[in-house]
Amino acid sequence: MKSPIPDYLQSVVENVRSNDGGAPASYIDVLAKADTSKLAVALAMVDGHIYSAGDDKIEFSIQSISKAFVYAIAIEDAGLPAVLKKIGMEPSGDAFNHLSLQKGTNRPFNPMINAGAIAAHSLVVAPDATLEQRTERILDALSRLAGRQLQVDEKVFEAEMKDANRNMGIGYMLKAAGIISCDPAVAVRGYIRQCAITVNVKDLALMASVLCNGGVHPVSGEKLMPPESARQVLSVMATCGMYDGAGEWLATVGFSAKSGVAGAIMGALPGQVGIAAFSPKLDEHGNSVRGVDICRKLSADMGLHLMNSSQVALSTVQTSVATIVAGADTSKVHHPNCDREVVVFSLRGAVRFAGSERLTRALEEELSGPHSDACAVVLSFRETYSLNAIARRVIHEDIKRLLEDGRNVVVTDPSGVLQWDPLKTPRPAVVKNEVEAREVIGGAGCRTVTTSDGW
Amino acid sequence: MKSPIPDYLQSVVENVRSNDGGAPASYIDVLAKADTSKLAVALAMVDGHIYSAGDDKIEFSIQSISKAFVYAIAIEDAGLPAVLKKIGMEPSGDAFNHLSLQKGTNRPFNPMINAGAIAAHSLVVAPDATLEQRTERILDALSRLAGRQLQVDEKVFEAEMKDANRNMGIGYMLKAAGIISCDPAVAVRGYIRQCAITVNVKDLALMASVLCNGGVHPVSGEKLMPPESARQVLSVMATCGMYDGAGEWLATVGFSAKSGVAGAIMGALPGQVGIAAFSPKLDEHGNSVRGVDICRKLSADMGLHLMNSSQVALSTVQTSVATIVAGADTSKVHHPNCDREVVVFSLRGAVRFAGSERLTRALEEELSGPHSDACAVVLSFRETYSLNAIARRVIHEDIKRLLEDGRNVVVTDPSGVLQWDPLKTPRPAVVKNEVEAREVIGGAGCRTVTTSDGW
Amino acid sequence: MKSPIPDYLQSVVENVRSNDGGAPASYIDVLAKADTSKLAVALAMVDGHIYSAGDDKIEFSIQSISKAFVYAIAIEDAGLPAVLKKIGMEPSGDAFNHLSLQKGTNRPFNPMINAGAIAAHSLVVAPDATLEQRTERILDALSRLAGRQLQVDEKVFEAEMKDANRNMGIGYMLKAAGIISCDPAVAVRGYIRQCAITVNVKDLALMASVLCNGGVHPVSGEKLMPPESARQVLSVMATCGMYDGAGEWLATVGFSAKSGVAGAIMGALPGQVGIAAFSPKLDEHGNSVRGVDICRKLSADMGLHLMNSSQVALSTVQTSVATIVAGADTSKVHHPNCDREVVVFSLRGAVRFAGSERLTRALEEELSGPHSDACAVVLSFRETYSLNAIARRVIHEDIKRLLEDGRNVVVTDPSGVLQWDPLKTPRPAVVKNEVEAREVIGGAGCRTVTTSDGW
Amino acid sequence: MKSPIPDYLQSVVENVRSNDGGAPASYIDVLAKADTSKLAVALAMVDGHIYSAGDDKIEFSIQSISKAFVYAIAIEDAGLPAVLKKIGMEPSGDAFNHLSLQKGTNRPFNPMINAGAIAAHSLVVAPDATLEQRTERILDALSRLAGRQLQVDEKVFEAEMKDANRNMGIGYMLKAAGIISCDPAVAVRGYIRQCAITVNVKDLALMASVLCNGGVHPVSGEKLMPPESARQVLSVMATCGMYDGAGEWLATVGFSAKSGVAGAIMGALPGQVGIAAFSPKLDEHGNSVRGVDICRKLSADMGLHLMNSSQVALSTVQTSVATIVAGADTSKVHHPNCDREVVVFSLRGAVRFAGSERLTRALEEELSGPHSDACAVVLSFRETYSLNAIARRVIHEDIKRLLEDGRNVVVTDPSGVLQWDPLKTPRPAVVKNEVEAREVIGGAGCRTVTTSDGW
């Protein structure tokens, strides 16, 4: 069977091709002469699989999309507090190249406008780093995100340097305002160099998928940034990425995005998919006309919207809750030779607070009601992919309370999602599989048990 | 076992109690005299279960939080296009009671500032509705959301009417700007009346959980608003709800929220949880000081952040992918009397695009590789709670292509999540359970099959 | 001889008639239906003589031009400090009907926008005055300025009241902001009533000439406002009167002006001329298109510009200095029977600091040099029309010092411009005419003197 | 007699000395270390006489006050239209060092903020001029204004260059916006060099007096700029000079002014006086604290306010009118041997429109009434210091009409103020003095005449 997904992307490409509006960036020759017929889209799943359509091998300069990643690098190199002291995170409502400094703090409004991006660049490596050091750092980091070695397009760089008056102006303003401490000309030159790194839509989609994946590269598994950084970048992209009305973009498209003047747009829906689109003609905000069309279409067709709430909810919750509420996985297992029952609670999927809450509620209800005389409680995490911090905390507290109630508790946790700390909660029996569990329960005063599906 | 969740909420309440900053709203006596020691919090899960702590029975006027719901009512009564023509959706950066009209359109920036809220109120029922009609409509809708009959606090209403100059000013301005078409005094009076409806934190959390649940009431199951409306309300709350810097709230707290001058804050994380906090002392933005503290604490402790991406991602994706990749649910079933195999693909949880993509990829890989000679393909949706539009579309396309490849395809879909349309894809065998599936496959040239766990 | 001035004005009217741009105010029928062919201009000299051309008998509603005079009335009734506390005096750069309140104080930016004008209206008579009292006060004051009984056009008033939403909005906002303390509806109704008073261009030019004349009516000689009020009104009109760029209007036209939506513009050049123009078609700022043309033309042709500095300077200064320097009025008078000379210093015109400085310098130079042995010093104010405060103070100080030097001093001051206070400077001889002066000097040891021209 | 004016200025200095508020500019050492006890004031009359008090020999860098004069130089070198295309003339309400570019045109708001001043500097000499050429041009022009050779303080220049980041930023921004066409670094360096020229208060007062005197140097009589330039500079200084609220400065102080960060303020009242004050401590707007006090005090004490209308008016008007109305100079001269009378109209002072209007009215009234049978009309300009364009035009028209009426007309114009063009109005007899006039009138059919005072 041939997957229909590439065909769908192809249809998206054909659908938006007819929109011939806009014009390529004209301020430098190398962009003005871009082949405006080029058009591409790519999706990167959070396991690293990439779909693409159109001119997906065409390379273009990353331009302002680099701002999102260099912001993350600045957070890593200088620390989030230092970054927030120099760069705000509010939409400015201004054009990308406007010098928008916040009253009082003099901070650029956000890292997605040039002023904030130059400030972020200046925080890479260290305030006194050289241009070469910063460029190497950034090129290395972006290459890791893309999973291949990226390069600077020297022609683009040289051309941009000849038209750098506004950015030079911004650089000196930032220096005067105390926002950058290095030589403004070095920061601006470095910033322009970072913008001249070339990528294609597959690179961008994959880079976005790292943000969607909490900073972990979906292919290499390398932890390229802490989840807090990925979250910060996605948050700022959500409100400040598209120059446009922050409210309208969030309401209508509904995912974080960042555009570049070469015609690319990168989008990211946390936990789901990295998105990239490319076509050189820009609208009056400097966003790719067809790129915006593609984002709107993908959001509408595919439900890629942060506020598409119901399904996320039901999914996470039902994974665990249904298990228990529906009784499907809460097996009362009667052994022929045993008068007492063992109650098995299994929890499935990636569990966050809601999942742990369902488990807790089930425990409370079942053990105070129908199964109050169960000889043992089995908590099975065999199908639990992950627990977030609050879920883990709730479940550890549940176990502690069950033990305090005098229950025999057996935990099946083959993947170790509970991150057991014996010094903190030493008593419950933690087993690898059903066989071990049976032995433990048997030893706890029960006869042997069998279950049809393993715990 | 006693659930630790109420204890956690109690600890949150005690944790923020020491913050004695701010002052209650002073513009009307009835608010100025509020008992500032009162403090409460509530969480409503998307199945309607409510946790609360503190003074959770204290009633207070809903005030500006009504704006979120009346916006949804206006969308229902007038239609989204008509609402967007009169009310924008951009953060204004201004105080709640500022008259912020957008240049060109004269629209109030958003429905969360008074101007936009008065405009939204005027669209309830119909432009020529009476005050009583609108009040009844709103009171009824809010009562359904809260799951109990709410009331207007006449004392609050009367007091607010005596201090209504600014809102009267806004009303006349809106009339002059062509934004409202009814008598401004009627719209303002109705708006003030809607703000005087009283609720407690449990009401608010439950009301929020409807937004988180795609508009469906988690207890009654009643569809109180279409998912598009819930999404629109949550989107606008995300950027415009807290008066404050939109960017900072989204980056640091990370969920949609709306505050009221009586000291309440309502929060909502799509698909997860509705949140409410209450304490009368306000900061300089008019947000409850302790309420903001509670929101920050819940977000940090519980990971309640829209951009907490990784886990959502893994969850949704692994629900289906793991199933197949791990081989656990992709059973090669060898019947003793049969030389050919049947491949079963089962999909679990609430499936969105990512899940359908995993299924598609598994189909492509398995059927072109190890199981290319399988005598039948079974697609089991027994554990699929829901499919969104794109997932359904992808899977229908998969089936169509399998059939075109000449495969015998059996679909087990007891809940009907595929929403099968025989006119469109008539050929595959759709069965209710494994017995039926076996018969079909048998009839397709296979001998009977057994599986240990049902499909 | 027939004066060419009416012919000049007629040529101005014909010159601008061809400019057919703009459109009459459309918000009320009575203005929208105005005869747009009407066109008139008037100049009022500071002695009350009026020149006019075009449709100078056509009456129209005064509209916003009333703001200038009602501001003066508010200053009289409430005092300048109270007025400044409620109304600023900065150009807002906003449209006339924008609600522009200054941050911090909440004051309307200036009294020439509606918000400031409504606030000014509310200060007329007293905060608790009735609509009738304020209307009577304003109608009386404006009638005195125009030199005839003016009337309210009830049709205009009624029509404006039907379209008063924006002003009602402003009124309630001002009440909410603590700027007005009366019922907003009463203030707005009163403001709209003041705008409906009808005038013609000759009325307006005469009213403006009172401002140019330091508050004294040039015909009746009645002191209608103190010079400080006239100065304040002219200052505010200079920067805030034309909605337009304050800087451009001052630089290019160069005189204070105020326009009204019925198509009139009133201009005023301090000390020189009151100006009025009328034609109903308005530009996008709400200023009469032809009226602006007329103002530009009058300024360019007639040098009516506040910064046309050189001539003012030379005039005032030379009036006195030339007298002395040229020797024309500083007569060395030799009496045949006398060995010592009398030196006469006469000062001409309206003397401000510069004139008194010239006199002082002449006294110092002549009496320490060529005429150090003069038997008497005559200071003649026979041709001095006025002295301002500083000039009077300098001259009194001169006299005191001459007396301290032991000089015989005679002052000829038939009009009493020195405002002599015998308690302060009792010693010099003050005489009414030359005959008296001669006697005094004779008695001081000189024989009689004759002069050819009188002192 | 010793003049009281220096004593008055001394008292002003002592009066403001107690105001110890503010702080000297701290951004460069050389200003931060200024002797803050220094305090000086100077007035320059429009004939060049200078009064001063306090530390009037202390030199300081001219700083932003140079902006006013360099604006005039730019107008001369590039022409007003070219200057207006690059630099606006609106108050920006922003700080002096804010980059305030007007929407649409990208022009700096005005030449008094740094952006506008750098743009003005770049227009000096020519766009491609060198730094040395511009510096020489400016130093030469300012030296002519001051009447002595000025110098650049190299220490100040070097210090400012080290702190030039903001101005460099502005320079690059202006280049990017297409406002300046030269190398931004050259323009900024040149601008900073112009700011480092040193002056004292007497220099500044004299320089201001050139602006007050229509561009003519009051001592040398040299025409340093056309009157239109002086007017433009004074207009822009009036609304944009003091950073402060344009409206409040004009209303309360009432004369054009410009301040510099070294602590100087230069003021100018057209036609009256140039003003300079100096004291290093600055307020939050960057204006000298005591300098502002001095300006307020001088305005209040001395009536130095543009809108002090009444006296200007009376002065100009009465100069001519009184002459005629009072009959003093309208002599009916009866010769014993002649039955017909000669009517003499003499006009005094610096005559603008109002004066010519009075003459016209007198001609019309006298010749149609009491003196309708006069044998000749004598128009005497013996005491007329100047005529502005409109006055000259009106009088020429009067003469033409008198001749058309068949009157014998004799014009006495010893100074040539009428600027007679025989090609346009050839017929009237123009004479130098009374003797000639008599001859002409005699030849016109009259016998000889005598007058007591000459015409």
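We just call them A, B, C and D in the order they show up, numbering each chain from 1.
Criterion: a contact is a pair of C-beta atoms (placed from the backbone, for glycine too) under 8 Å apart; a residue touches a chain by one contact, two chains touch by 3 or more.
What you are looking at is a predicted structure, and each value in this text was computed from that prediction instead of being measured.
Participant: Note down the smallest number of touching-chain steps it takes to go from chain A to chain C.
Facilitator: The least step count works out to 2.
Participant: Just how far, in Å, is the C-alpha centre of chain D from the one of chain B?
Facilitator: Measuring from centre to centre gives 70 Å for this pair.
Participant: Could you state the distance in Å from the CA-based centre of chain C to that of chain D?
Facilitator: Result: the chain centres lie 21 Å from each other.
Participant: Considering chain D alone, which of its residues make contact with at least two other chains?
Facilitator: Expected reply: no residues.
Participant: Can you work out from the touch definition every pair of chains that touches here?
Facilitator: A-B, A-D, B-C, C-D
Participant: Under the touch definition given earlier, write down the residues of chain B that touch chain A in their complex.
Facilitator: Within the complex, chain B contacts chain A at residues 1-5, 8, 45-47, 49, 88-91, 93, 110, 211-216, 227, 230-232, 234-236, 238-240, 245-248, 250-251, 254, 256, 268-273, 301-319, 321-322, 348-354, 357-358, 360-361, 363-364, 367-368, 385-386, 388-390, 394, 397-398, 401-402, 405, 407, 452-453.
Participant: Which residues of chain A touch chain D once you look at their complex with the stated criterion?
Facilitator: Residues of chain A touching chain D: 99, 165-166, 168-177, 184.
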